[in-house]
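The following block contains the structure, expressed as structure tokens.
Residue numbering begins at 1 within each chain, and the chains themselves are lettered A, B and C in the order written.
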């Protein structure tokens, strides 16, 4: 299913399910993500996309199935710090400066001070926040805080970057700008990205593949490969192929909702 | 935690001795005006209504009584202050340790909290005669130190514990993603997060410590202790002198409070607004 | 901060009973554990003869069951007269009356003042810092003085307990005022705007929105004040010759400590019960009045 059969897969998931009490959040998840891919998980509320992301990151244990990250179990990958994670909330610590916030995972991995300082400089350059080292998080705008959060997630050069609706709390213009920046950072760092989002246009713009999910029970209903040219630019959003792909994803989402077994059946539901 | 302010960048405020004491003059001004008004009114009413001075003395009379006896009063105040300080350190220290334990083993904390709250409803002061019996008939400082310590324990415990446990799920998820264990979580997240809460509790405790020491002495204490002094003077209707003693108690209490507040400003200089 | 009330789902009565039973069960467990700790400490210290922090013997740390036995025994030596527990509970009830009266007055005055100050921000900016700072003025410290001063001035019916009630009122009124103001101001701004869009007048807004928003804050102040009232009443009773209260009993038994230590401990048990009862009454009132999860504001 993945575009990168020839390269090594970073994430391999087979038969994963997750139950919370009597609710089935995820069922029968199969996916494979190759190196350097940018995969978006999109779906309505309750489809389990955030849960799936956290299962990849060993922050939630699956009820069944197998998760292989970077050739290891998810738990081992977490212990070896093979991934960085970015949440919708920047989760920065007020009592640390910007630089020290980025330093946090490096401190925990016991990097020597010289190496840390050098790396922090490099990361802040990458997210274009040079000069803000000694600022406090509350002095920055939401978009800038997220950039710090991204810098922190990439600071120890992980193979995988997990992102849970990172731009969800920002306005559309900031979002589009950060999308471009994220693509640039992705290209420069060479990492693989799993990106959870609500926004169809964002998913299509950023990804190499879009995995459409549907709820109750949460499953991947369709995988849409995105064959837009790389690197993506502002012009990409205006290309006809972009709109075609957005429509394709949208229709997949609607189809997925039609499969929702608990949704009431109404006469208005148009057949697809 | 961090706010998502739309304004791009604010400048870092510069510190200094002025900041150490705090707020802008504008904030203080109405309060100062009221103080002057109240004191003036107090003085004025007494003169006008010709209230018997030995019952509710004029501020000026209290001030002069203080000045006359200042050595004795300040010595007594210092004696009692040591009890308050000892109790403050002992009680707060114990509370912080217990808070760390209860935050580490949450089920224990949630189970025990209601009992701590109920225990706080017990009038500790009724225990003072017993502590006096424990320690040399109440003639030394120790019995009052115990009372002050017990009084300080609860507010510091509750506030510190709340700070230690008010971390969001994502903070914990973030630390887990860094393969951080409990120790790392405590050291890097819970404890720094708890500091503002802890200081709130400590400030409350400073007030309780001094009051506890003085009132504890009402049940018995050394002759040169402030509480004993105040009570003795009240009993012989020397109210002006008694109020002078109360004034000294307030001074020392306020001193302890300001000391803690100053430490707070230094420790929490990273906060966006350190005003309380 | 506080948003519109989200009502807790009404629980089935069986659930409520089950949880209350569990609560009682754990309470008993905790009390038994504390008793065990007491006896263990006592045994260990006596066994080892340690004298730090203080020497342990029957006088300084009597057996807990001895204390309870003493409660059930006669108050005065000689085996006649009322039981100790009767004497102490009568004293406690007298003190409770003082504390309750003061608490009620203080709460009402504090609330009224809070409403006024919340409405007139000029008064508030001038008075509030001092109301807060006055908490460092030790009411407890001046309590004996106030009682000695006020007692002669009161009419005969109010003598003795009126002055003490005054102390309790003073201790209650400050936290209630401060928390009323904070609570009234805590109403969610959007909810306020909604009310205004309904052209609701100020009184309506006060009653339907601000007041319910203020309730958790007011109750948290009342919980603190309930305990403070009891403490204030006990302290106020100290210097004056108020023989009927529990404070007098404490002084009385502390004087006879060496011959009858268990008496003083017994007074402490009753005083503890008094304090906890006051507190529990407010907690129960809160659960009845505020039908949503109260914020644990201390």
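Just so we're on the same page, a residue touches a chain if its C-beta (ideal position, glycine included) is under 8 Å from a C-beta of that chain, and two chains touch if they have at least 3 such contacts.
Here the structure is a predicted model, which means the values were calculated and not measured.
The touch graph of these protein chains is an open line. Central chain (C-alpha centroid nearest the global protein C-alpha centroid): B. Which two chains touch most often is answered by the contact tally, and the pair is B-C. Averaging Cα atoms per chain gives one point for each, and the point farthest from that of chain B is the centre of A.
Distance from the chain A centre to the chain B centre is 48 Å, each centre being the mean of its Cα atoms.
Centre to centre, using the average C-alpha position, chain B and chain C are separated by 19 Å. For this pair, chain A with chain C, the centres built from the Cα atoms lie 53 Å apart. Put simply, chain B touches chain C in their complex at residues 28, 30-31, 33-35, 38, 55-56, 111-112, 114-115, 118, 120-127, 129-130, 132-135, 142, 155, 158-159, 162, 207, 210-211, 214-215, 218-220, 227, 230-231, 234-235, 237, 239, 242-243, 246, 249-250, 253-254, 257.
Of all the residues in chain C, the ones that touch chain B in their complex are 23, 26-27, 30, 53-54, 59-60, 122, 125-127, 129-130, 135-138, 140-142, 144-145, 148-149, 226-227, 230-231, 234-235, 238-239, 246, 250-251, 253-254, 257, 261, 264-265, 267-268, 271-272, 274-276, 278-280, 296, 298. Taken in their complex, chain A has these residues touching chain B: 54, 57-59, 78-81, 83-85, 87, 89-96, 104-105, 108-109, 132, 134-142, 144-145, 169.
Listed in rising order, the residues of chain B touching chain A in the complex are 1-10, 12, 168, 170-171, 173-174, 176-180, 184, 188-189, 192, 195, 270-272.
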